[in-house]
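Heads up, the next two complexes both have subunit A, just with different partners, subunit B and then subunit C.
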Partner chain A sequence: MADIALRLPVADERPAVNSWIAPPLLILAALFFFPLALIVRQALTGDGDVLSIAKFASVFASREFHHALGNTLTIALAATAGCLVLGFVLSVLIAFTPFPGSRVIARMIDTFIALPTFLVALAFTFIYGSAGMLNESLKALLHLDLPPVDFLYSQWGVMLSEVTVYTPFVMRPLLAAFSLIEPAQIEVAASLGARPLRIVSRIILPAALPALVAGGSLCLLLTVNEFGIVLFIGAKDVITLPLLIYDKAIQQFDYTTACVIAVVNVALSIALYSLYRFVVAYFGSRRAGLV
Partner chain B sequence: MPADLAGTANAVPAVVRVGVERAADRSSSGIGFEDVTVAYNGLVVLDSLTLAVNPGEIVALIGPSGSGKTTALRAVAGFVRPVRGRITIGPRDVTNVAPHARNIGMVVQNYALFPHMRAEENVAFGLRARGAAADVIRQRVPECLRLVGMASYAKRYPRELSGGQQQRVAIARALAIRPQVLLLDEPLSALDAQIRRSMLDELAKLHRELPSLTVLYVTHDQTEALTLADHIGIMRDGKLVAFGDAQSLYRYPPNRFSAEFLGRANLLPVQALVATGGGMARVRFRDGAFVARNHHALPDGGECLLCVRPHDLCLAPPDAASNALTATVKSVQWQGDMQSVELDVDGHLLRVSCAPMHAPPSPGAPLTVHFSATQATLVPETMVRG
Partner chain C sequence: MLVWSRTGRALTWAFALLLFAVLYGLPIGVIALASISGQWNGVLPSHMTLEHYVNALQGDSLEQLHVSLWTGFVASAVALVSGTWAALALRPLARLPKRLLDVVFFIPSAVPSVSVGLGLLVAFSRPPLLLNGTTLIVLIAHFVLISAFTYGNVSAGLARLPIEFEQVAESLGARPFYRLRRVTLPLVTPYLIAAFSLSFALSMGELGATVMVYPPGWVTMPVGIFALSDRGAIFDAAALTMVLAISTSIVLVGLSHIPTRASPR
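After this line comes the complex of A and B, so read on.
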């Protein structure tokens, strides 16, 4: 009886809710889906009016595309792995080994997320670049003619920059997850004879797993689409999908190829995003069962 | 340092006493605090605690919230480092030993079970951490779960267990490593009254089955302490204000705070003490006189407190030597199996617990209550070691 009474007003409100949703949906469609649709159309029709996947076939067959896809995935996976490892270690240190200033550091990580990504690449060129601080001082110190440190203009440079930029994206959910671990659990584990490493691997890591997976898939998504860092590092043979799109569209005026690659890039992103949502939802509901 | 075992044995039940003797040959260890002082940011929260828990004994530390009980326990476990003093477990000085090397079982207020592990994995955790052989784990885990009556819940996750069941698993987890000492921090406070009562009985039973286990039990609940403990320490503001075997601490509290905290005693200020021999003394209260036990041998002529428990005050004279006191009724409360009456004597509150009355007195009426001289004790205002 009671829940019939409760359900009725909700049913009445339905249409009202729907009409509220309409304006934002329209704006979203105009701003987002329309350009996306244009890209897909350009990719499928080229400059003619006939729908064809011929362009897709030729792009998929090109070495350039394979190379860029390979680079994109390699860099994204490696950078994500780096972010996860570095983020986990740093978060454990910040959360569980209280030292003066650990709060300030946790705050700074939040700020870091707000900065544009290419700033780090820029800073890295100042530090590790061929005319950067490190190489100049090493050259002076060891009387060398050529810069001895030469990793920046390669995949390594891109990965290092991405790890630096995106590690905070892993640390934020991790620190949130760590703050939910009951300190008494760690103390009990220690009193049962567990050393710090075992406590990290058996108590902290399992509790952090959802945060790690969520943070990791977010990193993967962001690194797959990273443009600024790759452009700023400007390594000749490090061409990723976003860079290839830029190159085709802006340098070579080959819009159709650019759109084909863009479609692939978008599809990849949506797949990764779905993975991320799935993981969050999966662990979210399991978490709900935990409490 | 270890307190005299023979002296305390009189107070403990026979079953446990047998256990203590058996404990000795299984080399169980006591816990020693020697002048242990703990401070947080310069603020002393545990002040020169000196206390011995004999091997195989249960000692309860009780006191109000914030009195430093948990801190004392955490010092034994190694989670706070004393700024001064020594902590020993058995013959070993553990003051500077890391927590994982202390061989301690610990049960905390909210159990802190590992949420992603099944009950049996929780219990196995300590054994795995110590690198126990697989067949030892296979044998010991079910054994410990059986000991706490949780054998059929081995595969459950903590979230699938009730508070009382989690509590049992937490105890099994602590016992699985065969610790020298078991530390319990308010283990029953998260349970509801009925389950608390039966868990209390089970803890007592558990200790009969594991008589060599030395237990330090922290609680703010005097019933738990009186039921379980061989010795009780009463804490206040970081200091141990009383320590003794449960019975004598209850009957002869060494100061006002212990008398009030352990069993809500009635306390009346009395003067002009005169010892009358046989451990008794006469004191003056207003224009009357009382006779009471002078267990602490307080000096003649002094002032002190007369301590009578609410259920030792009766409406009829219990014996020939009884004392009588007339007071004004403040309130009467019927509590099922007993009647609780609050009286006012010269601005002092007096609680009486008695059998339900047919015609309870009404507020404002005078009422004369009696108490036996042997049930009344003279207590000094401040510290006497019990």
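After this line comes the complex of A and C, so read on.
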């Protein structure tokens, strides 16, 4: 009985709020939540004072919006899938087949997170662009007149750049999760005759699942929000939601349309962020690799 | 160890090194190479030059370096103060309100930067607060975007802090402010430095919100790099990207050498 009595929930005696929280909260409200609310207002009223969803209806009916939404989702899903596969392979290589320099590489990948995303898009124009290293090499080797590789200025170019940039965001939680696997477990499995692929599929993959789901949902959020890479690749038919907002507001001065698209984009991002928080809470931050 | 045989291990190493070299070494390598190449029509540049660095360190580009450094320092410093304040104020709260407010402080990191910029344009382009076209609106945009990361880093540090130190200080009669200044803050200094470093690096590379709000007199380096590459001056763009990466690294290395009385555990 005493055991049960001890487990009864104890009332939380800590305060629910205190006044110290007010200053940073007010700053955030004035500089972030207030502007966000004004985006919604402008989207609903346009430049007048009458609330209407007419603008939403016309934007939702437009082809460029469909195109941008489709592009955003396709690129984000494909890039996230790419990040998960690549991140898993790279993390397994770093964690379970320690090779000379693997620690330095793990460090380098960490600093890669702090670099601006457009760096990769810019680098890719030198490597895979129509006059880039790859095409020039192939032209010289195969005696061609036209560049044979032409994928950079399409969805593929954006996806490849995003996979490169966001794979480290999957690797960080994965490497943290892998550090919790008992090495003896793998050694026992190997000594009992399990081949590497079987060890990966039966021991490593199950242990990595929470980290993969957490890293994947973070990637999905970041790729939906990505702007720099799409802008630098600059392909005419690869317009995503953030790029369309920029185009409407800055190039065409059409703030109301920009606000309508921003409402959709922000709603999508917040939904994905909730998914991420839910995943981390569900698995517990330790198992999700966010120790 | 997943692979035991010698040849198997050598093959895996070769594969891993090749993968890392192509994915992460090559992009940084070509930017560095492009920044010193005079002409690049073949597989490799035909001759080298330092001309692009000369361009990057004078006139508009030098001005952009100043602008980016200032923006990064000011926005990160303000974000550090407000993020630390928020993390400290949230610390003693009950579980549920704490988690709710935690989400509130994290949300700016989930919203696309272009929309943050658009919101600031819509909010501050009319009286009473007319900030559109000022330097301040760029600083605000950067502050909003990095604030969640600063808050996150500091509150992670506070969560790992053993409570005993502060309890001992309290039992010895230390007043709250004295305890904060002499015990809590020194103990989380490594996390404060990490928070400042991350937000500084993010601010240096910020593009989405900046292109929405920047006035002609306050152009940051990423905006300048985009303008150069859009104009076709890709080698100058590469050199300016190198200047951006190198100046950020210098600041980060400098910050990592600040002596602290506590080491992160």
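Here is the rule we use: the second predicted complex is superposed on the first by the 267 of 291 C-alpha atoms of A that agree within 3 Å, B and C clash if a C-alpha of one lies under 4 Å from a C-alpha of the other, contacts with A are read in each partner's own complex, and residues count from 1 in each chain.
Basically, a contact is a pair of C-beta atoms (placed from the backbone, for glycine too) under 8 Å apart; a residue touches a chain by one contact, two chains touch by 3 or more.
Quick caveat: nothing in here was measured; it's all calculated off a predicted structure.
Colleague: First (subunit B), second (subunit C), both or neither: which does A:156 touch?
Modeller: neither
Colleague: Could you say whether A:60 touches subunit B, subunit C, both of them, or neither, answering first, second, both or neither?
Modeller: So A:60 meets neither subunit B nor subunit C here.
Colleague: Taking the superposition on A as described, I'd like to know which of subunit B and subunit C A:283 touches: first, second, both or neither.
Modeller: So A:283 meets neither subunit B nor subunit C here.
Colleague: Which partner, subunit B or subunit C, is in contact with more residues of subunit A?
Modeller: Greater contact footprint in residues on subunit A: C.
Colleague: Pick one for A:187: touches subunit B only (first), subunit C only (second), both, or neither.
Modeller: In the superposition, A:187 contacts both subunit B and subunit C.
Colleague: Determine, under the contact definition given at the top, whether A:27 touches first (subunit B), second (subunit C), both, or neither.
Modeller: second
Colleague: Touch test for A:202: subunit B only (first), subunit C only (second), both, or neither?
Modeller: first
Colleague: Do any residues of subunit A touch both subunit B and subunit C, and if so, which are they?
Modeller: In subunit A, positions 187, 190 sit in both the subunit B and subunit C interfaces.
Colleague: Along subunit C, where are the residues that touch subunit A in the complex?
Modeller: 1-4, 9, 12-13, 15-17, 19-20, 23-24, 26-28, 30-31, 33-34, 40-44, 82-83, 85-86, 88-90, 92-97, 101, 103-108, 110-116, 118-124, 140, 143-144, 147, 198, 201-202, 204-208, 211-212, 222, 225-226, 229-230, 234, 237-238, 241, 244-245, 248, 252
Colleague: Taking the complex as given, what residues does subunit B use to touch subunit A?
Modeller: 74, 77-79, 98-106, 108-110, 112-116, 125-126, 129-130, 159, 173-174, 177, 183
Colleague: Could you list, by residue number, the parts of subunit A that touch subunit C in their complex?
Modeller: 12-18, 20-21, 23-25, 27-28, 31-32, 34-36, 38-39, 42, 86, 89-90, 92-94, 96-102, 105, 108-109, 112, 114-120, 122-127, 131, 133, 136-137, 140, 164, 167, 183, 186-187, 190, 196, 199-200, 221, 224-225, 227-228, 231-232, 234, 241-243, 245-246, 249-250, 255, 258-259, 262, 265-266, 269-270, 272-273, 277
Colleague: Quick check on the complex: what are the subunit A residues that touch subunit B?
Modeller: 182, 184-185, 187-195, 198, 202-203, 206-207, 289-291
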